[in-house]
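Chain lettering (A, B, C, D and E) follows the sequence in which the chains are written, and residue indices restart at 1 in each chain.
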Amino acid sequence: MVSLIIQRTLQLVFLLFGISFLVFSSMHIAPGNPAAVIGGPTATASDIEAIEENLGLNDPFLTQYARYVGNAVQGDFGYSYQTTQPVADAIMVRFPNTLKLAVASMIVAVIIGIITGLISALRQNSWLDVSATTFALAGISIPNFWLGALLILVFAVNLQWLPVGGMSSPWYTLDGIKELILPAITLGTGSAAMIARMARSSMLEVIRADYVRTARAKGVKEKNVIWIHTLKNAMIPIITIIGLNFGFLLGGTIITEKVFAINGVGRLMIDAIAARDFPMVQGSVLLVATLFVLVNLLVDIIYTYIDPRIKYD
Amino acid sequence: MATVESVKTKDKKREKYIVTTMKRLFKNKLAIVGLVIVILQIILALFAPFMTAHDPAAQNLANRELPVFSDGHWLGTDNYGRDVWSRIVFGARISLVVGITAVSLGLIGGTILGLLAGYYRKLDAIIMRFVDLLFSFPGILLAMLIIAILGTSLVNVAIAISIWSIPTCARIVRGSVLSIKEKEYIMAMRSMGASDLRIMIRHILPNASAPIIVFATMRMATAILSTAALSYLGLGAQPPTPEWGAMISQGQDFMWSAPHLTIVPGIAIMLTVFAFNVLGDGLRDALDPNMDLQE
Amino acid sequence: MTHALLEVKNLVTSFRTSGGTVQAVKDVSFHVHKGETLCIVGESGCGKSITSLSVMRLLPSNGEIESGEILLDNEPLQQLSADQMRKLRGNRMSMIFQEPMTALNPVLTIGYQLREPLMLHKGVSKKDASQQGIELLRQVGIPNPEKRLNQYPHELSGGMRQRVMIAMSLACNPSLLIADEPTTALDVTIQAQILDLINDLKKDFDMGVMMITHDMGVVAEVADRVMVMYAGKKIEEGPVEEIFENPQHPYTRGLLNSVPNVDDPDFELEPIPGNMPGLDEQITGCRFHPRCPFATDKCRAEVPPEITVSDGHFASCWYAEKKGVELDEHSRDLAAKT
Amino acid sequence: MNTAETLPPKPEILLELHNVKKYFPIKSGVLKRVTGNVKAVESVSLKLYKGESLGVVGESGCGKSTLGRTILGLEDLTDGKIQFDQQEIQDLKKKEKKKFVKEMQMIFQDPYASLNPRQRVGHALDEVFRMHTDMSAQERKTAVMDLLTEVGLKAEHYDRYPHEFSGGQRQRIGIARAIALNPQFIICDEAVSALDVSVQAQVLKLLKTLQDKYNLSYLFISHDLGVVRYFCDRVLVMYLGNTVEMGDVSSIFKNPLHPYTQALLSAIPRPTVKAKKERVRLVGEMPNPANPPTGCPFHTRCPIAQEVCKVDKPEFIEHRENHFAACHFPG
Amino acid sequence: SESTIPEGAEGSGGDSSGGSSDVDQEIIYASTTDAVGLSPIMTNDSVSSSVTEQVYEKLFVRNPETMEIEPMLAESYETPDDLTWVITLKEGIEFQDGTPFNAEAVKYTFDKLRDPETAAPRASLLEPVDEITVVDENTVEIKTKYPYGPLLAALSHSNAAIVSPTADQEQDLMQEPVGTGPFKFSSWATGDQVVLEKNEDYWGGAPELDRVVFKVVPETSTAISMLQTGEVNFLDALPTEQISRIESIDNVEVTKQDGTPVYYLTFNHSKDRNQDPDFRKAVASAIDRDAFVANLNDLGVRSDSILGPQVFGYDESADDAGTPYDPEMAKQLVEENGYGDEPIKLLSANRDNFILMAEIVQSQLTEAGFTVEIETMEWATFLDTARSGEYDLTFLSWSNVTGDGSEMLYPNFHSDNIGASNRAQYNNPEFDELVEASRTTIDQEERQSILNEANQLMLAEDAAIVMYHGVVTSATDQSIQGLQMDPNGQWSLYNVTRE
């Protein structure tokens, strides 16, 4: 386990270097000049030049990158070109919202996904299975900005059960939970559907396994055959897909945060890309990538608990 | 040496691989639905100009936001007075073209990487780290960065989406290659002195095709959705291209006054994505030899 | 005559497949007595496993017992509810499978899997179950049984796992043990150990054993009686000596002549030509006739009846030699039908 | 030894192995450093004569397949020498090796896995000619048809996929592929183990026929001693990557020298109800090849092991004529 | 910013409680983006200025009713000569941090704004200023490099608001603003909301509102939903597409008022083809601006004039001085000259109102026989691409915060600014001269006629085709009273109350 963690940390460092380089160079290749954005439409050529000089944009690319990495390894991720705020601060303000959203959606996705998956696997080819499968596929097929808008229309505007948007109350309060419901459903539906499908197929696979037949041959009760002998084995691919979906979810926050006026990292990222706010793009991408790696590390650790065959060393 | 065998059953087995796959596919009702929708979409796309009396770009500012089942515009018109049905029909073309381009580019890239990584141990670590790197970017973000570099256009959207498919495809291919590589027939080919290239192309790739085909159909769905998402973020098709995602995102402003502007393309996307997904599911089952004994 | 421990009468098991319904077991009858080992032999796909799974009522979801009777201690099993049947399994009748590598649940400890039938059927407490589990492991010859309880299957070798399987199936002192090719996947040295073990246990517990195998060597080693199956049918049945020394069915003979003899360097192989037919293949007359060197027009046209060769030795072949023994009741029935 | 008596003409040596070793590195830790080796083949020396079958027997995991693959060059040799037709081949470059590819072929265990399921069998055979000869398409087709007949299949099988064949037929295709280029030497790795007895006998007969016809040499890997006795001229017994005994079939089956061979022989279930001999029971299982015991590799399970066995590894020496064994107390 | 592109476009008002006896004196405004920062010196976007407008004040302010420039922090001014402006300041005013407001503060602010070190985005506002001198505690003297007519207009620009020098030295005004205005800074959760609270010590008397929240709601339809449910109470710059929906909401009042912003189609004058007057004429006559404006749900004012009715320098005669819509003539010109052969690249920022113009114009140009390809771009790329002139036709807009014609014509069309704000790459010496005269003339009447002349010159040349002049809009909850909109889209909450 320790060696797994060490190994992943080394990989993460490598990954972060790779990502920062990729982002850095892509932002430099990309047309559009941050100084022009800051200057706005009125800026004169000299205004823009002064801004460029001020931001250090006139240095050679590698100098800029080296400077960035040099600072970053010391924990200084620079200042936003636009707001002059330290990148780390700007991100840390938004991160809790994104995390809340992602975790809530994951919970929605996992609960709905596993339950539907199980039902359709256990009642294979019944109408329950068909409707669960259809539901799952519909879930994957709805563009989530559209789903979000529909949910707002129905539950916030017409029924007024839930707020339209924003995320300002702590998550453990009633208001906080209410704020989370619609965005979490919007974001979680796609993942729920993917998890459901994975749960179904992996349950079906395991249920045909020899050891399940062994359990039956021992006279184990059907309930235990499912919950003890089948589910734990079936969980392994499900956990994998959950881990991978986390990445998908993090991508989805970009749109969900926009639709529901949530002040999160996803929105920060699009705004930063649009404004060519390099340090901000860098910072947020690095954070998201780190998170992704950590979640997958967590998944790997969970594996060792579920599946004794998996050992990392 | 005499070999006795019963001709009758063997004849039944003499079907082509594709035919058997299709037969099994047709056992799955949802998959048939999917296939029908996909075929319809292909027909729409191919014969778009014959399916509608209106030019999808022709505006008529006097006839804006007509509701569905209006005279001459059975799906109504949009805020420029353009016929929604003809936009949907021509949009089918775009969805298909973008989807197919994106998926095939991604497939080519992913397959090459996956093959190399799976086959050559030495390249594995390097390629997979690179793939991880792409993987740990959220897809939309990756696409946004790529579009930021390349500029906003459908072609670039397709490229962006294809790059975003590469890591998943590479992993899937690598996984199959790793298991196929251990099969005895590969060992047999090696013992016959076959070159690596021959083994990869002629022996590994065809056997890894099932997961790739499945991935491709499912990815079509993702590609169409992603195009829509990017259009929503203003990074998709150039107006007045009747791309479905762009139609929804534009229509959102009229969700109250003219809900059909979002609902119609929304349903079109849902149906298509649904169709490709069930088709992918069906294909997976049909291509899975373990399903042979199943009813 | 006391009733048999297990009596299977005219069992027909079929599968629903994409090509329609096929019969994998076609009208098979046999019985197992207490303290005796019945070996079922036959080539791959001839229906051995399906026969045993039918007895356990553990057929795959598309399989079904079409007709026939299965009596355990004179109790008809088909009439039991699913739950009653469940209570029998692992208790009065238990089963060992071929693949020791996949038959144990990889994510549960040996201890858990071993305790399960004890706690389930005997209502033993977890602590006692562990105690008995250790005892069982010792009985099947596993060193350090205490340590093994907390291990997972993958930490054990194939032979060890098969022993665990056996221990598990013996947990509740079953009266009938079904072993489906328990040693096929194992090395000869390990196989010898396991076969000896099953033999010893059979004696100790006075169990009836139904052993499935395709290895004539194994049959010779362990069987009291033998049943030979071909393409879903029983074609010969008899005491082990009879089968080896006086095989009646050409198929049985073919089987014996296909196995090289270690002790006889000059033994010449006489392979049976051709392959076993598929389940859905329509073959008139004797199902073996296309491969039979002695087939005549009669064989091609009519299904042979079960002929009693000698006491307890039956063969379904037109040319089986009757040894002047009276037809027993069962075969008379059959003869009447055909 | 080579005295001038009227011995039958000494057969020619086709293949000779000297202390062949094959280790698989075990990598572990964060940096994936090599922390040990699976000693799959520890030390194997053998001679194979033209036209003979040499059986290789031993328990699962003792290194039989690895040995076969190493000879063919499918695995890199860790150490030792391999001579084929008087020429050392272990260090040859890929190009030079190609010549030997034609001479050495392999038949695999699993008839279901050794053919590419997506390739028609005709094409699979055709491919062999395509790779190694410059025959025209027409010539190749004829050659493939001939091959099919040779192994007892029919021309109409040309266009079929492997799944349309039974196990025995598939194995025939495997054999056809192996003999396509007229090799001198074929390695059969458990070539009949997966087949039903009746089919197994058919295939064994076929292999014999081909051997007689083409003067083939076989390295016949098997764990079935009955088959080996029937099929082979000489036998090599392996244990934990080591050769423990080698000799003529009759000599080994009648008078095994090594206690392992003795145990192996007595463990075979005899398909006869007459003579039930008392067995030499072997306890325990084969040790882990990554961590083999010191001294004689078999001492941990040997019924007659002495102190010396734990320390000294016995040499593989000729105890009787043409009968070698590695044991301190042979007999 | 001066761009009308709604950096922080829509917002709205309305309280969920609906307004009864003792409502919270709080107002929540929503915009699609966050403020970039809260220092008038360092920012140049409309959301930032809608916040800073409440916190800071300028020396002068344009009266939204009369369009006259009136003193605000200034008491009075005189111009002893064409280059000198002596401004007397109001006395007894303090910044919110207690720093006295005086001539020093004014000099400090303007010097900081002009200092190249500061790299202020709007430094050009005071470009003509040569020197600022503190005459005494309450008097500053501004010397310009040349006679500069629009100086007062420049001083009434929100970027010329006066900041507290002590605060600027002690803290980052971008994060914690300190001005003299009626509201002071309370908190800012970046990306989410800025909160202001009432300045009890405001020199003009404390405002009624206790609290003002500027909330970020990126999706307009979400904002409208929130307006409907009372989660926000004030939106501005309402999009055309949504206007009917907003108007249909019961608790919401919509106000519309003609404004200074102008939206126009311009040629890239550096391209050869665009220098052909017939080509420009063909384009101009192909575009049916009447039909287009009719589509805007009353959110646009139709006039050919580049300086709109609310802008200083406008003259009615310019209303129809442009080339009128004449599709036949357009077709004829296109056909005669083969204008349709080579495609036109129509550049547009990817924002709704620009795309609306682009799609309609494309369709109309196509009708006339042109081949037009729209290319939309993200804002950042658009600014760069337009600045460097990589397009044929594009849409631009200008909100004209000062409401002065020179402030429109100089940055957008004077050749000085090619490569910068003159994205049209327009280069006409005659026009340049007129614009310079409009800037260096102090006499306002004379300026008016010079500006009109420049305006007419451009129209005669079809240099740019005005699509429409903006209408300034707001949607507020019924309970909100006293909100007044500037024609330039800005507003002050000083007099607002909720009931």
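FYI, a residue touches a chain if its C-beta (ideal position, glycine included) is under 8 Å from a C-beta of that chain, and two chains touch if they have at least 3 such contacts.
Just so it is clear, the model here is predicted, and its values are computed rather than measured.
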If a chain touches chain A and chain D alike, it appears here: B, C
Chain pair, A-C or A-E, that carries the greater number of C-beta contacts: A-E
Farthest-lying chain, centroid of Cα atoms versus that of chain C: E
Averaged-CA centre spacing for the pair chain E and chain B, given as whole angstrom: 46
For chain D paired with chain E, centre-to-centre distance based on mean C-alpha positions, whole Å: 88
Intercentroid distance (Cα basis), chain D paired with chain B, Å: 48
CA centroid of chain C to CA centroid of chain E, Å: 91
Residues of chain E engaged with two or more neighbouring chains: 221, 378, 381
For chain D, residues that touch 2 or more chains besides their own: 166, 169, 202, 205
Of all residues in chain B, the ones touching two or more other chains: 1-3, 5, 148, 151, 252, 255
Touching residues on chain C, where the partner in the complex is chain A: 56, 58, 60, 82, 86-91, 94-95, 97, 99, 102-108, 116-117, 120-121, 152, 154, 165, 168-169
Residue ranges of chain E in contact with chain A within the complex: 1-3, 5, 33-34, 36-37, 42, 44-45, 116, 119-124, 127, 172, 174-175, 189-192, 215-219, 221-223, 225-226, 228-229, 231, 378-381, 383-385, 387, 396, 398, 411, 417, 419-421, 423
Contact set on chain B toward chain D in their complex: 1-3, 5, 10, 13-14, 17, 183-185, 187-194, 198, 202-203, 206-207, 209, 289
For the chain D and chain C complex, residues of the former touching the latter: 59-60, 166-169, 196-202, 204-205, 223, 225-227, 229-231, 249-250, 253, 263-273, 275-276, 279, 281-282, 285
Of chain B, residues touching chain A in the complex: 30, 129-130, 132-133, 135-141, 144-146, 148-149, 151, 221, 225, 228-229, 232-233, 245, 248-249, 252, 255, 262, 266, 269-274, 277-278, 281
